Structure formats: C-alpha cells, structure tokens
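The structures considered in this document are given below.
First chain A sits with chain B, and in the next complex the same chain sits with chain C.
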Partner chain A sequence: MSATVENPVLPAAAEAAPPKRPNTLARLLREPAAAFALVLVVLVIGAALLAPVLSPTDPFDNDLSLAMQPPGSPGLWLGADSQGRNMVTRVLYGLRITLLMGLASVALGGGIGALIGFAAAFYRRIDGLLMRLMDIMLSFPAILFGLALAAIFGPGIQAVVLALSVATIPLMARIVRGSALAVMGLDYIEAARATGMSDTRIILRHVAPNCLSSIFVFATLRFGQVILLGSALSFLGLGAQPPTAELGAMASDGRNFLFFAPHIAVIPCIAIFAVVLAFNVLGDALRDALDPRLRT
Partner chain B sequence: MKKWLLTGLMALGVAAPAADALAQAAPRNTLVVLREIDADNYDPPRSTARGAGEVIYMMSDTLVSLDWDQRTVRPGLAESWTVSEDGKTYTFKLRRDVTFCDGKPFTARDVAYTIKRWVDPATRSPIRWRAGPVDDVIAVDDYTVEYKLKEPYGELLYQLTLFFASIVDQQTVEKLGANFGVQGFNGTGPYCWGSWSPRQDFVLTRHPNYRWGPPLYSNPSPQVERVIWRIIPEANTRLAALQSGQGDVTQYIPQFAIAGLRNVPTVKLTRQENYFWDFFMGFKVDKPVVSDPAIRRAVNLGVNRNAVVQATFFGAADPADAYLNPRTIGYDAEAAKMVPSFNADEARRVLDEAGWAPGPDGIRVKNGERASFLLYGLQTSEWRRMSEAMQADLRRIGIDMRVQLWDATVGWGKLATQEFDAFMMSYPYISATDGFSLYFDSTNRPTPNRMNWNDPETDRLLRIAKTGLAEGDRMRAIGEAQRRITAANVWLPIAREQLWIAASQRTEGVRPHGIYGVGLYKGLDIRLTR
Partner chain C sequence: MAIPVLFGVMLVGFLLMQVVPNDPALVRAGPSATPDVVAALRADMGLDKPLYTQFGLYLWRLLHGDLGVSIINNVPVLQELGNTVGPTLELMFASLIWSIPIGIALGTVGAYRRGRLVDRLITAFAVAGGSIPVFFLGLVLIWYVGFKLQLLPFTGRGGPLWTEEGLTAIILPALTLGGTFIGPVARMTRTAVLDVLGVEHVRTARAKGLGEFRVVTRHALRNAMIPVVTLIGLQIGFLLGGAVVTETVFSWPGVGRLAVGAILSADFPMAQGTIIVLSLGFILINLVVDVLYAALDPRMRA
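The block that comes next holds the complex of A and B.
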C-alpha cells in the first residue's frame, strides 16, 4: 500500500501580494466634506450644462405681472425676479455664465501664467525680468483692473474674463515657477540633460507632468476665488449686461428689494456661496490627496 | 400683507437703533439734508448737476423766482421788470436792501458782471445758451439793470430763474479764480458757505441779514441756523438714516420705498404735482435700422409703458404718454395724441408692412439686415430694470435691442459719441420750448441732440418759439414742432418722475418745489421743532 500525500494547496489569499495604494479619487472620497464638495460640483456643472433642458421657462421671457413673486408661488419654486422671470431658470442660466466666466478666466490666465512660470524656472536669465513683471501685475487689484477695462471697452463678460485672467496670470506663474524649480533640481532632469534631450522635451516630458498636481490644485482653488471676484464685478454692473443672467448681476438687481423680496438677492448669493465653497473644499481636499507626504 | 411686513420692517428700523439714534441725532437747529451724490463744483455757470443747484439755490439768489406752479415768474432780487416793445430789452428794478454774505451791498453792477461772466466763452459754461442772445447787460444805476438781447427771447425770464443765473460777487470770483465754488463762495442767498468736504458734507450757515426771500414763501428769512447737505450714496442706508433721526429731509427716496414710507409714522411725505423730469429713449435717426420710421413706430407701439413704469418705479412715476408733461407751458395736446399707445399686434403689422419679416431666431430681417439696435445708457438700477423690461417687450415683436449701460464716470462721454443707435436719458425742463430747444435744435448735435435730428423746419419753428414777439405765435410754433417730431417717433417717451420729499417728525414747512429737479429750492419755510 502506498499512501499518497497530496501537496497542500496554499490559498491565493495567503500569497504575499503588494498592498494596493488607493487612487486619488478614493483618497478624495474618504473625506466626507470633500466627497460632498465633489458631488456638489458635479451637480452644479450638470445643472449648468443642462440648463436649457431643466429650465421651466425661457430665461429672457418676462411677465411683469409676476414681478417679485415669493418662492412657492404657483409655478415659481424659487419665486420671480423684479422682471417677473422665473428664478429657477435665471439661477440655472446664471450658473452657466458664472461657471463659464470662471473657467475661461482660469484657463486663459492659468495657461499663460503656467507658460511664464515654466519659462522663468527653465531659463534663469529671464527669471528676474519675468518675476518683476509678475510683481507689477500682482500690485493691481482685480476689481480695479476690471473697472479700468470696463471704462475702456465697456462693461461685459469679456471685460470681466480679461480682468480675472490678468489677475490669475502672476499667481499661476509663481506657483508653477516654484514647483518647476523644485523639479529642476532633481537628478533625473540632470540625466535628461546629459542625454541631450531638448529643452521643450524636458519641460513637456519631465517637468510639466510633475508640476501638474500643483497646477490642478491651484486652478481648483482659484476657480472659487475667480467666481467670487467675477460676481463682485457683475454686482458693480461691470459684468453681464441685460438681459443675460449672471449670479452677481442677479444679486445686484435684488439688493434694492431686500425689504420686499429678499429672495431675489438671497438665492443667487446662496448659489455663489455654494459654488465657491464647493470648489474651495474640493481644492483643499485635492491638495491633500495629491500630496505624497500625506499618502498612507 | 407685503405692505404690513414692510411697515413693520421700517418701524423696526426706527425702533431698533433708537438709543443709538438719540446719540447721533441731527444737532439742534441744524437741518440735515440727505442726498445721493455730490457735485464737482458749486460755481453757477460751470455746473449742470442737480447736486450743485441744491446748494447754490440756498447760497445765492436769482433776479426772478419761479412759483410752485412752475409757470409763474415771481420777483427775486428784482422787484419788478419791464420788457421793451421789440422784446429785446428787459429792464430790472432791483431791491435796495440786499447784501452779500460778506456784508457788501448788492448792486446792478453785480448783475451785469454775473451775466457777462456766464456768457463769456472763457467761462466755458455748458449752458451759456440759456442766457439767450445777449448783446449787453448794463448797470443803468445802482438798482437798475438793462438786459439787452440781439433778438427777442421769450424764454428769458424762465431761464433767469435757474441756478445758472445766480448772482455772484465779482471780488470773490476774481480772488478765488478757478476755485470759486470749490474753496469758497459769496452770494446773497439765505445761507452762506460754511465748509465743503467733497462726497461727505456741505455745511451752510444762516445769512444773518437775509430778509429778501421770494414772495412764494411765507417767511422772507431762513428759519434754521445751519444746513448740512450730507452724502449717503446707498439708498437703503439713506432711508435708515432718515428713519433713525440722523437726517431730517431727503428727496432721494428709492421708488420702491415710497409706498411703504406712507405708513411710517415718523416720516412725513409730500409730493410736488408740478414736476417736470422725464425719462425717454431717443433714436439716432440716421443710423441703420432705427433710421426706418417703421422700426421707431413699432418700438413705440411695442413697449408696454404702463407695465414697464410700474415694474421700475413701483407707482412713484407716471407713464409718459407724450413728449412733455401736460402741465408744461407750451404743451400741445394734439401732439400728445400722436404718440402711439401700446399695441403689440399693431407693432407687428407695422413691421410686416414695412418688409421686416421674422427670421429663424424670431428677430425680424429686411434685405439681409437684422432688426437689431444698440442702446446706450447710464448704469443705474432704474435704467437697468427699465431697459430689461423694454428689451423683453421688443423681443416679442421681433426686435432685438442690445443694451450697454455705462458707469457715469465714462457714460456721459460715451453718450456724446456716434457708437450707439439709441440712448436712454432723463432730464428736467421748465417749458416746452426749453425742452425741445435743448434736444431738437440741429445746432445742438451731437449732444444734447444725440438723435442727430437735423430738420430745417424744426429749427425754424424753434426759432419762432424762442424769438416770437407774440405769445400766440410762440405757442403755435412750439406746438407745430411737437407734432412734427412726434409724428417721426424720434423718441419713445417712457416715464414722468414724481417728486417726493420725506422729512422727519421734527421738521415743519417742508414743501417740494422741483425747479431743475431741486426739491428744497430756498427752503425758507423749513423749521425745526426740537
């Protein structure tokens, strides 16, 4: 007789697999406030994109007999504004313009600022000149610059976007320059240079990707600030012109009726508050999630 | 419910800061007038701002004054006057008891100097034309002035009631130079220059010798020791200041608050029925799209003035159904009937007949041109609301009105350009000839005749209205001018502002006047009870 002894099979789980690092999104969602902010941002962007579908009425269609109807009136969940336009529609379309204004300003100003930042970090000969130029730009308050532009070109969304873009350039340039300088000191950049890689290739392949997290975090945080500044400029009458719906302009329209119809000012203000808060919390959480020192 | 809520809130606004208000209440025997905006200077011929007029009327006097009806010319510094048969010489007999604030006696030489300075090109007065075609002003003796004209000017006495014609002291003008009305002033008015902190306070002190107030007042002398004109730009803050006792009087009441203020026991509201300050939209008649009379007529038909005015002014203005207020001298009822009333269907029919067919986006098109025009205006909450409401009305008939509102700092400059197709404006006037000469005389292009209205027949009629010797001729001419311009729909009349003055409980004798938009005029009957 022979006895056979089967080789014991080890369960797969028992094999020593390397621990899986949670990705950025998972790390982000671990924080309840960040998760809430992300959901809010997605909802806000979704609502803005789907405004033509979700809006119960035409954004420009008024009915003066309904002017200043309070929230909860028949067919008017959020009431009507001073022109008798549905506030739901106006807020949805207002979100669109406000977000678009923020996006355009951050993209334009951030893009130019990033280019300047990379150039300053990589070409040290022009670093001093570029940074002094950025210092000069930083000394102009965005609101004042917006006022000047509106005086020259006339009030409008373009003037606001231009003012906010210009205000974003030096901030982004400084952030990018700092990050790029840190990356440039690393050995693999030296190695890349030693292999004869071109400047453009080094920036595009090695420096820029390693600065992306800083850029992304700043852009998200800046988005909230830009929306606040843009709304302030519109509140002052420098932004969207009638009949365009924009949250700052809507708040401005409503401030005269605070005694009678507070909803006209309060609702767009709440919308601005929510959007800015969501982007700020998200930016903050992104910074934590992308920081390798905080990874576990 | 809304009314009660508002009243409650306003009452709360009074009660809540009561203790604070007592501490900050306006000083004894000092009238604190709250207003929205300051003026850049207080030199009569150099400023057209209502804010300048408010203070100048109190610091100085005019030869003649205007009664509460805004039609009757009453004595001022001149006790009486005569007009020569050819209408070219006005002889004024002056009061003998008048002195300037510095105690110097007032004489005919001061009148001659003031008028000559006004019309002197070196003064660069923007309203020089209001003095008429001056040939000379002669001090015949100390108390007789001859005002000689190159041609008759039927409007002269009305124009001389305006603050631009306020008598000033030559010595002080020459001493201060360009800073006259900025660093100091010397007039014959019921109050004297105290101090001016631009954009904050203008303090006036009682002129101790003053007893020559115009006969429209019960008192020939001022009743309070000091007047402080205080700037509070924000409407709600101004309202709160009035209710909490930090101010006594204001004419700058936000329209939305007037109905509610009627129910506030601590505030007295009074209205001047004879007040001529109108809002209108004007078309540049030589620009594409709006040069088409059908478009201008359709705009007049397509805008629901009643709804627009109600939504903008909340009952504190009247829809303008004519180019002028019916109480104005020279108002023509026939012309008023020619202003189209709101009728959107008729507007569409007019456009259809003129060949403006609806395009794919609802905006009408004719020969490849869209029925779209650019409107300029000043950035105020009223204009914004008004333009948005009109914009919506016009879109319904297929006209696209693009709106561009400018801050006042650059807006006046923009409104002097040819960049726009239409504009919005509000203005004060004292007669039909005054208003129409300002806006429709071809020599006033490009501003204030921003419509570029260049019609020799209108010019001829306006000339008769101004220079005609017989009143009947003048009235017929200005009536014909009104009918001619109304038929061309050069304007869209929108609203007639109402003049209200809100006063605190401790004030008595506050009565709105409204000359050139100025609510208090000389304020001689105003007194404080505590």
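The block that comes next holds the complex of A and C.
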C-alpha cells in the first residue's frame, strides 16, 4: 500500500484522488438537499454556457412596444424588461456574466491566496509577516474594497472582480496555511525531504493534493458569497454597467419600474438567490462529505 | 492591529486623490483663472512638493478633521459626513436589536433539538437567509408592504426615532438589513451551543436536577456566547455591506448611500471621506467586540 505512494515514478498526486471520488459523490447524493443543489448548480452552469443557443433572442434586441410585458405574454415566457428585451435571454446572459464574475474572483483571489498559504506553511521564516499582512487585509470588509476600487478605477466589472479577489486572498491563505501545516507535520513529508526532493516538488506532489478538499470546499462556499457581493455592487451601479446583462444590474434597472412591472426586478433577484443558495448548500454538503470531522 | 489598518485606510484615501483625473488646483481655481493663479494655488495646496511630503500634509489635514469640500456642491465633506453618520448608526442599531436575539434563539433551539424536524427547518431557513440578496428582500418589502398594502413608508428617514414618523420609516429598512443577519447568527449560535451542550458542567447542572430551560440558558448559552460574540463581530463587515445596499434601496440618508452617490458622480473628496469614515467605523466596531469579549470571558481580562 504505502509502497505505491513512496514510489516517485508513479504520478501519485494525480492518481490518488480518483478512487475516492465515487465515494464522495455517493455520500453527497445521499442528502436530498445536496443532490438538489448539485443538480441546480449543473443546470445553472449549463444554462450560462449554452446561453447563445438557448436564448430565443439577442440579449440587446429591444422592441419598445413590448416594454414591461408581464411574464406569460405571448412569446415572452418571463416577460420583457423596461426596454422590451426578452427576460429569458437577459437572465441567461445575466447568469453568464454573474457566474464569470464569481469564477474570476474566486480563481484569482483563491489562487494568489493559496500560494501565500503554501508559502507561509512551508517557509516558516516569512510565515509571521505573511499572516500579519493577511490579518490586515482581512480587517477590511469586501464592500469597502468594492467602494474604494470603484472610486479609484471607476465603476465597472473589473473593479468588482478586483475587489472580490482581494477580499478572497486572505481567507484562502488562512485555509490553505492551516491545512498545509497539518500535512507538513506528517512523516512522509519528512521522508520526501530526506530523499532530497525540491521544495516546489514537495508542495506540488505531497502537500497540495492533501489540501485540495479544503480548498475545494472553501472555493464552493466562497463562490456563493462572491456572487452575492458582486451582484450587490452591480445593483449599486458600481459593477457591470447597462446595457450589460448582469443579474444585479438588471435588478437595479427593475427597481425603477417596481410598481408597474415588478417582474423586471424580481426575476433576476430570484436567479441570484437560487445560484447563491445552490452553491451554499453544495458547499456545506461537500464539507460534510469530504471532512466528516467538521460535521455538526 | 488597528494602527496599521488605519494607516492603510489613509494611504488608500491618499491614492484615491492621486488618481483624480483633473488637477485639484485647476478645479478650485475655476475655469477663468490665469496660469499664475493656478500655479500659486498649486504651491499653496502643496501640490508641487514630492509625493511623500504631500502624504504628510494630507495626514496632517486629516488629523485636523479637514477632509476637503465636495466637488459637486462645495459642502465641506466633514459636515456632510456628520449629517449621515447618525442615520447609519440608527439603521444598524434598529436592525441588530431584533435580529440578534431572534438569531440566537433560533440557533439555540436548533442545537437543543439537534437532528429533529425543528432543527432541520431552522437550518434550512438560516442557509436560505444567508443566500438572499439584501436588495431582493428590500424590494419585496417595498413592493408588498409599502406599495400593495400601503402599510409603512419606504423612502427616506421620517425623523428622530422617538417620533411616530421616525419609527414607522425605519421599520422596513431595519427588517431588510436585520433579515439577512438572522441566518448567519442562527448558524453560528447553533454550532457554538452544540459544542457546549456536551460539556461536563452542563451534565452536572442536569444531574443536580435543574430544569432544562435553566440548563440551556444559564449553563450552555452563557458559555456559547463567547464564540457567538466573536463571530458576530466578524460578520460586521457583512452587515456594513448590507447597510450600504439597504440605504440605497430605501433612500436612507446614511454614509453608505452618500458613498455610492459620491463614487457614481466622481466626487472624489466626498468618496474618500465616506470610505475613511466607513473604515474607521468598522475598526471601532471591532474594538468594541474585543471589549465585549473580555466582559464575557473573564480569562481574557488579564
């Protein structure tokens, strides 16, 4: 058993994970809420990817004669927005932008954060300095990053992604450092060191794969939070600018017509709620499935 | 901890002023000013000095409460901030005063009835509550309670809280902001109480025949409060974000709405002032949480 792990010729990191997977998935699907969330996440991602195929119209096609048509009108399953654009199309494209915004922020912030976390766990001399820096970053709420960066760079999606990434860095760094430190104390790392493996190799081959589950759980949960924050910034007018189809910006537009055509604001809101809820439930379930010790 | 953070806030504020697309001296001098006048004003404002000197000057002015004037309406930033801080604090207070007790109660019941239907319902409610966009809740309340039922006002602040207008005007904003806070509080309380319920002194309390209510409130909840307070403190940033959105949705005249308006209209001095004040507020709240922490846990007082 242990011989395969020790054998450096085998791509241990890549092959250690797959056998576990059906197990995790099975455990995940046993919980009905989690199974539902997983289906929802897959559907939402699929809808966003296939938006150009699924959409009945172009996202910027407007027909003012249809403006504010309620859901269920002929040919307009979800109605039309204030400019007479088909809401089905707008929501599909809105999902696209909103999910991309979340993905970019979690990937960028999480990537940098993970690097910092590994560095802090591996090089104990810079650990204190790095973690103090992370503490300082952590003491600013994400909304302030959002406001400040929108003020500096001007409102826009870039400012939002940057702000959410910056706010994600210290959180990911802490998680990764914690789980990397737990692994670093184990004998096989000592053994890898003794064989003269390089630091990078030890981190990539032996430390990182063992931190993947915590990274994955955190990224899933963070994705929901980031979408919540990002759509709020867009709602405030600091993120995606009209006529871009972004769910928060769409809700903001709908706010002006709340009393005549509530669906314009409510439909994008429901979409955001569903996405965030799905990722939150899935994240919780993943945590329970991957790390039963944390189960409450 | 607070000192480097404070310095960071000021640095961000300073950098913000550096990227202003138009020359502040030019703006202040007005369009008809001669180049000589502008140059004199530049020297007067310290704009011809090296950056680090400017930063020093800026800190000096900041510490003396000089945050400049709004580009849009020439009102001193400090004065505008003075008018908006109160309403923001009012809104936060009104939101927390009902949502924290409810959140703690729900979390305690959930932990006590762990795994039962009540617990599952509460957990589901808490997760859903933590996933709902603040503006969604706000817009639904405005549409239904404010517009359909015509029950409560939904724009602006009605007046001081002790008047009827003031009190009715704050209900919907406070329900909105507090509503998104119940979920996180309930979840944190549930986890904290679960940890404590299994502890020996709770078993002892049971063994000596104390009533269940007394065991839970006196022995379990009291110890669970320490992590709960810390976690609530950590969520204050979340609350601040919610406040900015809630103020915008309800046209509540607070700092958050001022900040958003200033950023959207590129009123840099005002934007800078609001960001500094919001950060300061955040740092202060964290200090308060630390003090509370010590009050709850005598071991921390050393």
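We take it that the second predicted complex is superposed on the first by the 269 of 296 C-alpha atoms of A that agree within 3 Å, B and C clash if a C-alpha of one lies under 4 Å from a C-alpha of the other, contacts with A are read in each partner's own complex, and residues count from 1 in each chain.
Rule of thumb we're sticking to: contacts are C-beta pairs under 8 Å (C-beta built on N, C-alpha and C of every residue); 3 or more make two chains touch, one makes a residue touch a chain.
From a predicted model like this one, the values you see are computed outputs, not experimental measurements.
Because the two structures share chain A, they can be overlaid on it, and in that overlay chain B clashes with chain C. For chain A, the partner with contacts to more residues, out of chain B and chain C, is C.
In the superposition on chain A, A:Asp284 makes contact with chain C only, while chain B stays out of contact range.
In the superposition on chain A, contact of A:Pro155 is made with both chain B and chain C.
In the superposition on chain A, A:Leu164 contacts neither chain B nor chain C.
Judged by the touch definition given at the top, the superposed model places A:Phe259 against both chain B and chain C. Of the two partner chains placed by superposition, A:Val183 touches none, neither chain B nor chain C.
Of the two partner chains, both chain B and chain C are touched by A:Gly237. In the superposition on chain A, A:Ile143 contacts chain C only, with no contact to chain B. Using the contact criterion defined above for the overlaid structures, shared-chain residue A:Met134 touches neither chain B nor chain C, since it reaches no partner. Stretch 152-160 is the one of chain C that runs into chain B, the other listed stretches 152-160, 188-196 or 206-214 having no clashing C-alpha atoms. Touched by chain B in one complex and by chain C in the other are residues 147, 150-151, 154-155, 237-238, 255, 258-259 of chain A. Per the touch definition, chain A reaches chain C in the complex via residues 33, 135-136, 139-144, 146-148, 150-152, 154-155, 224, 228-229, 231-232, 235-238, 248, 251-252, 254-255, 258-259, 262, 265-266, 269-270, 272-273, 276-277, 280-281, 284, 296.
Residues 2, 6, 9-10, 235-236, 254, 256-257, 260, 304, 307-308, 310-311, 379, 381, 384-385, 387-389, 391-392, 395, 403-407, 409-410, 414 of chain B are the ones touching chain A in the complex.
On the side of chain A, the complex with chain B involves touching residues 60-62, 64-65, 67, 82-84, 147, 150-151, 154-156, 237-238, 241-243, 253, 255-260.
Chain contact summary for the complex, chain C toward chain A: residues 1, 4-5, 8, 12, 15-16, 19, 124, 127-128, 130-136, 139-140, 142-143, 147, 190-191, 194, 236-238, 240-241, 244-245, 248-249, 259-260, 262-264, 266, 268, 271-272, 274-275, 278-279, 282-283, 286.
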